[in-house]
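Across the two complexes that follow, subunit A remains constant while its partner is subunit B and subsequently subunit C.
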Partner chain A sequence: MEEIRKSLNVIVKSLISEKKVEYVLGFEEGTLPLKPVPLYIEKEEDIDRLIWNEYCNLNLVKFLLEEPHGKKIGIILKNCEIRSLIVLINEKQINREDIVIIGVPCSYGIIDINKVSKLLDGKEFTEFKKNGNDYTFKGVGFKKIIKLQDILSDSCAYCKDKNPVEYDYLVETPNEFKKIKDEDFDEYFDVIEFEKKTPKERWAYFKKELEKCTLCMACRNACPLCYCKLCFIDSNQPQWFDKTDDLSEKMLFHMTRAIHLAGRCTGCEACTRACPEGIDIHLLYKKLRKMTKDRWKVDKIELGEPSVLGSYKIDDPQEFMVKED
Partner chain B sequence: MVKKRKKKKEKQENQNNQKNQDNPKDQQYSIEKIIPKDKFDSLIKGLYKDFKLIVPKEAENEIEFDYLDPENEKYQFPEYQNLRVSPKKFLFPQKEVLYSFEKEGTGIKIKEKEEKIDDQIIFGIRSCDARSYKILDTFFSSGKYSDPYYFSKRNKTLLIGLACNDPMSTCFCTSVGGAPFSSEGLDAILYDLGDNYIFKIISEKGIIFEKYVKEYPDVNKVDLKKKEELATSARGKIQFEINLDNIEKDLDSLFESDIWTKVARRCLSCGACSYVCPTCHCFDVQDKSDKSGGKRVRIWDNCQSSIFTLEASGHNPRNSGKERTRQRIYHKFNYYLKNYKILGCVGCGRCIKVCPTNRDLRESLKIVVETAEKA
Partner chain C sequence: MVDTKKTEEVQVIIPANEIDKVSDEKWEPKIIAFLCNWCSYAGADLAGVSRIQYPPNVRVVRVPCSGRINPLFILKSLQVGWDAVLVSGCHPGDCHYISGNYYARRKFSVLDDLLEFIGIDKGRINFSWVSAAEGEAFAKVIRKITKKTRQLGPNTIFKEDQ
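For the complex of A and B:
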């Protein structure tokens, strides 16, 4: 990781000193362990605060949406986030030429702090130490060692799409990345396993998870692809959503959001990690990615390609059409 | 507003009252008993005969407040610092039906809410959360009417606290007038001495507990000394301290300041902070109805949402995260002082823990105080 940070320093420094961008968006340490915060690098001296590691858990593309067109901004991104930026470029929300993408190959993925919290039974940890794959967490009266694979975001654990597909600067891959396990698994392994359950079991799972939802909208607001000026959930006239926390309303919100993200979600899982209740909602979105792959042979979003649900092709699957004999 | 600015003397008094009170004034009841931990369960069973008990309980992956069933479970406090979710919802639930209505001929029949409320105790509540009920009490009884939905439950609820031996890294109760061992707002308090608890009655309402602890020995000097040591040690564990004596005045001068752009820059405008806050109380009222009838419900709302202040004309006075962030801080640290002469924050630190972008209220307060000092 230190190698990456050094390369980033050089790139960011040149962007800032040559005034190629107004600022570069990256991460710095926050006030709590495993909670980094967005860093706006506007001056060279800000660069010292820049960090890059496996717990930079927000999708920074979200913060580009507030900026006006024409403003030059640099941003440090992993591939799932680059693909979400591509969606925004494809959907004409952001101009490609406004953004300087610094692509970083992803090693293992991102730690889901909600998983850490669950494994520590909700206890507060004030310190953590990394030793290879072992993470030691310490708090009042406890010390626990957790393996990295147990706290990685689910999508990261099965991700095969780790190298930036669109960038202006590419950070060299350190040697340690090459040692990562042989990737002879199905990217949709967890969805396939989940699909084997009965509808009753699947319903029970989502019901149990979504019952925890308080409708705080952290998931929606952490997602760069949720950019509607007026979300259906906030509409008063007409009112689609009665705002109570009944399970039916929670389901309505999450299902509608999922459908709005079908063929667009890139699986960065910023939503799941932002959830204050630790709800595991990623399977819903991953299932939709698998469906677009199965039906349209498209699950990776490419620059300039129209979205599967936002476009029509003559050979789109249409098995629902009644054919004349 | 007539009483816009408090006189200096009044202000001093007010802050002295708020300042780190381990022993508030209303505490004159000298009932202090020693309860050995192995007798704790019988105390619980005794209380359960007359009260429903809301206690910290082991749940899936965390500890949360829930109703206890002592007939089927033996109870000891689980190990907890403070809980991720405060017990606010037991008196002010996220969704509460106010009344229901149904069609009757050409008119409409309104049915009052029927709610049977038992006497209950929130048991094991921390000092910060107990103080939060004082703030909610003030809000729900302010103005001409007091809120019947809140007080129907509040008046049936007693609070037995558990003093906080190990504050969390995000706790800052001592900066907002609290303390880990504060008994403010409580009816009785427990101090955990290791093998024993001290059970101390605090309020007049709390005298009702006398009969449940009568059989236990009185505290002795050694126990009290140990308690004092623990109180000092707990206070020492609070990692953040800020002087908020002038916060009302500080904020008066900073409404148009550009600090809010900086403070709000990373805010996602979600409601996570409001919903875990033990003192946030804003609500919305909605009708849930179909052809034959429906119900009117009160639900939590939050000021960080863009539609919170959206007007019918389409105008929104708090259109961006900057105004909304500023509002949340002003409400707790300025308007509350103006309206009720108390701070609207108890320093539990939950909003800091829950924020997806680590927007830290302590940092924001530091920026406010430092900017005001420089001005």
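For the complex of A and C:
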């Protein structure tokens, strides 16, 4: 990670000093452990605060949406985030020429802070130390060692798509990154396993997870693809949403959000990590990615490709239609 | 003479939380049908004009095109307590707006798969192609869906006891 940070420093320094961009978006250490915050690097002296590690858990693309067109911005991204930027470029929300992408290959993924607090039984930790694959969490009156694979985000565990597909600058990869390549496992293994369960079990799972939802909209705010000026949930005319804590309302919101992300979600899982209640419905979004691959042979989002729901083929499968007899 | 009792019964939309109280004998499936103006609505009209008999459980909403249907309409219908939803449009290639039904087809398959994935019975949401000349086909589709919905029972979608 230190090597990456060094090469990032060189790239960012050259971008800032040559005035190629107005600022570079990255991460700096936050006030709480494991909670980095976005850093806007405008001057060279800010570069020292830049960090890059496995707990930079926000999707920085979200912060580009606020910026006016024509403003040159540099941004440090992993591949899943680059793909979500590609979606926004395809949807004409961001100009490709405005953005200088600094692509960083991803090693094992991002730590899901909700998994950490689950393993610590909700206790707050004030300190953590990394030692190889072991993470030591310290708090008032306890100390616990947790393995990295237990706290990794779910989609990172099954991710094969780790090298940037679109970039202006690519960070040199240390050797530890290359040995991860493994063709043995199926990317959608967890979805396939989940589909084998009975409908009752699947419903029980989603009910259990979504009952925790408080409709705080943290998932919507963390997602770079949720950029509607007026979300259907906030609309008064017509009012789709009754603003109660009924399970059906939560279902309606999460199902509709999932449909809005069909063919767009890239699996960065910023939404899952942003959830204050620790709801884990990443399978819903992963299912969408599997569906687009199975049904329409659209695997990954590429620059310039039409969106899945905004295009069609004459011979799309239609076995689900009601037959007359 | 208008049978006032009957019209009243038709107009009452049972609130979602009272569905359990409806006894099995009294319960009639209520199906909302979004029909495209140019084909399926005309097909339904033809079925009526031709005096083809089909179950009276269906309520029709006319929409300009099947591509106008937002999956949210379907989810919301199920949430407020309709027992089944039918969306029907022109056959592929016959869309009045050239490609609306192709886009609709993709949206529907996403919704269909997603509802099945979270464990909701197949058959609550139905999609069909019915042209303006297919009055009999429309009646058949309605008969089939009503029969299926009867088997599935009252709508408990998104409810605790799904």
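In this section, the second predicted complex is superposed on the first by the 313 of 325 C-alpha atoms of A that agree within 3 Å, B and C clash if a C-alpha of one lies under 4 Å from a C-alpha of the other, contacts with A are read in each partner's own complex, and residues count from 1 in each chain.
What we mean here is this: a contact is a pair of C-beta atoms (placed from the backbone, for glycine too) under 8 Å apart; a residue touches a chain by one contact, two chains touch by 3 or more.
Because the structure is predicted, anything quoted here is derived from the model rather than measured.
Looking at the shared chain after the overlay, A:Ser14 reaches neither subunit B nor subunit C. Shared-chain residue A:Glu201: touches subunit C; no touch with subunit B.
When the two complexes are overlaid on their common chain A, residue A:Gly141 makes contact with subunit B while staying clear of subunit C. Within the superposed three-chain model, A:Asn95 lies out of touch with both subunit B and subunit C [touch as defined at top].
Judged by the touch definition given at the top, the superposed model places A:Leu284 against subunit C, while subunit B stays out of reach. When the two structures are aligned on the shared chain, A:Gly122 is found in touch with subunit B, with no touch to subunit C. In the superposition on chain A, contact is made by A:Glu324 with subunit C only, not with subunit B.
Of the two partner chains, neither subunit B nor subunit C is touched by A:Asn133. Shared interface residues of subunit A (contacting subunit B in one complex, subunit C in the other): none. Residues of subunit A that touch subunit B in their complex: 30-32, 35-38, 40, 58, 62-63, 117-118, 121-124, 126, 140-141, 214-218, 220-222, 234, 236, 242-246, 273-274, 276, 278.
Residue ranges on subunit C touching subunit A, taken from their complex, read 16, 71-72, 75-76, 79, 86, 92-93, 99, 102-103, 105-121, 126-129, 137, 140-141, 144-145, 157-160, 162.
Residues 195, 198-207, 232, 240, 247-249, 251-252, 255-256, 258-259, 262, 284, 287-288, 291, 295-296, 308-310, 312-314, 316-318, 320-322, 324-325 of subunit A are the ones that touch subunit C when the two sit in their complex.
Residues 61-63, 79, 81, 83-84, 94-95, 166, 168-170, 265-266, 268-272, 274-276, 284, 286, 288, 297, 299-300, 302, 305-307, 310, 352-354, 356-360, 362-363 of subunit B touch subunit A in their complex.
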